[in-house]
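Here it is: the structure, laid out below.
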Amino acid sequence: MTRRLFASLLLVLTLAPGAAARQPSQPPQRQDEFVPLSELPPEERLPSAPLLVAAYAFVWLALGGYVLSVARRLTSVQKEVERLDADVRRGTRA
Amino acid sequence: MPRWFFPASVVCFLMFVASPVLIANAPYEATMGLVQKIFYYHVPSAMTFFVAAFVCGVNSWRYLFGKSAQADRVAAAAAELAVVFGAITLVTGPLWARKSWGVWWQWDVRLTSSLMMWMIFVAYLLVRKYGGAGSEKLAAGLALFGMANVPFVYISVNVWRTIHPTTNVVPTLPVSMGGPFWFCLAAFLLLFVLLLQLRVQLERQRARVDALYLALED
Amino acid sequence: MSAFFRVAWIVLRKDLTVEVRSREVVYTTLFFAVSCVLVFSFALVKEGRAMEDAAAGILWIAIAFAGTLALGRTFERERQAETLRALLLAPADRPAIYVGKLAGIVALLLAAEAILVPLIALLFQASALFSRPFWLGAILLAGTVGYCAVGTLFAAMLIRARSRDVLLPVLLYPITIPVIIAGVRGTAVLLEPQPDVAMVRFWVALLVAFDTVFVTLALWTFEPLMTE
């Protein structure tokens, strides 16, 4: 559980420096005029699709990973319960 | 596990599988275009984060003042879920913000207070794991402070001028966007209930293991 | 009601007496805070001189770090002498004990701040801090009380916990982020050439609101959390 916690923390933290490196040097400016998207040169357009895909992929992976983590812990505890149950029954029989 | 668990799990899974279809059919938003579709997962996960924080706080209160062991188990489960859904919110948000605000992160009230609330629940898990004996009570005390944050985080965006959209957006959604949104919210909340049930089951089994070890020593 | 304050006063007087005799926590906390400020003034350097804009932030970082240290040491002393059990066994209102301890730690930190603020004013050319001494005092008092309110609660709870040294900051810093933010922003307003008193008043009011919420929550939860 610690490893997972650590891993998810690391994931969030590693996104931050990569993000900071690509941050524009100025905060968002209030717009004075509107420029249609088609008139912007291709380098200044930020494609949405990778961001959208990354967001949905993260959600599904995080939820799936969590379900797997709980399921794994549950099966290992279940096994331990069965083992201990058998021990206790053997102990009371003997 | 209760009888409703497996049918409900199937329903939840189907809802999640169906959601991308509904989201793809929703209309584009005027200014933000394609990236706005992150909204359909970002806001429900944020709401689930608040619900998880609240459930954790209420059960921590019941544990501290009512001495209910079951309440402690539910609080521990809810805190873990708060961390998971909070992490989802804090990752999908910046991915959306990169395109719509031009920056990954801003220290405005909503973002700062959400991050802070998330960290409180991470601290809750750390205390439970590494605090040794009696750490359940410490963590419960911490969760009360975390729960006190929830209304503050929600209202912050209406009281202060922030770059984050206000809470007015959701009630005024047009039907074509509202449909997929409420569907996704229902899916997330159902998932929360299911995961909570699963996680509480884990805690209950762990308590059984402790009881069995004690019985073995006799 | 007067019994409540009498108990709190007795606990405070005990703490102050112990501290005056050994002066351990005062000296070590003060030295640590001063070293902290010096490290920051060396680290945050622009064109060979300390960054003046950083004064407000550094003040509150030093308060936060020194506060964590003071809290840890004060309760460690109680733990080693086993006086905490005696305190809890005494026929006294538990919340009153909390208030007494809180007052002691606030007094300690305020004493440290009396040295830190002039030091920072010197190192960061921030003598403007003293242009509105009443508001400076208000911010420092409200912020320190808020920080210590949560800190005293958690430090007391952590006495018997494992890894208590690292868990205190882990628990304390996320919750006291609003206090630090309000303290820094309020202090930064004072450092402007024409300080906007209305803005300072706003931040002080926010700090007082936090203090009320934190102290109330702490008073409610001290009793069940300390029953060990």
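Quick notes
For clarity, chains are labelled A, B and C in written order, and residue numbers in each chain start from 1.
To be clear about the criterion, contacts are C-beta pairs under 8 Å (C-beta built on N, C-alpha and C of every residue); 3 or more make two chains touch, one makes a residue touch a chain.
Nothing here was measured: the structure is a model prediction, and the numbers come from that model.
The greatest centre-to-centre distance from subunit A, using averaged C-alpha positions, is reached by C. The greater number of contacting C-beta pairs, out of the two interfaces B-C and A-B, is seen for A-B.
Closest to the protein's overall CA centre, chain by chain, comes B.
Averaging C-alpha coordinates per chain places the centre of subunit A 36 Å away from that of subunit C. Once the centre of each chain is set as its mean CA position, subunit B and subunit C turn out to be 32 Å apart. Centre-to-centre, using mean CA coordinates, subunit A is 13 Å away from subunit B.
Multi-chain contact residues of subunit A, defined as those touching 2 or more other chains: none present. The set of subunit B residues that touch two or more partner chains comprises 122, 126. In the complex of the two chains, the subunit C residues touching subunit B come out as 150, 153-154, 157-158, 160-163, 167, 170-171, 173-175, 177-178, 181, 213-214, 217, 221, 224-225, 228.
By the touch criterion stated above, subunit B contacts subunit A in their complex at residues 16, 20, 33-35, 37-38, 41-42, 45, 83-84, 87-88, 90-92, 94-96, 98-99, 101-106, 122, 125-126, 129, 163, 191, 195, 198-199, 201-202, 205-206, 208-209, 212-213, 215-216. Interface residues of subunit B, counted against subunit C in their complex, comprise 64-65, 112-113, 116, 119-120, 122-123, 126-127, 130-135, 137-138, 140-142, 144-145, 148. Those residues of subunit A lying in contact with subunit B across their complex are 1-2, 5, 8-9, 11-12, 15-16, 19-20, 22-24, 27-28, 46, 48-49, 51-52, 54-56, 58-60, 62-63, 66-67, 70-71, 73-74, 77-78, 80-81, 84-85, 87-88, 91.
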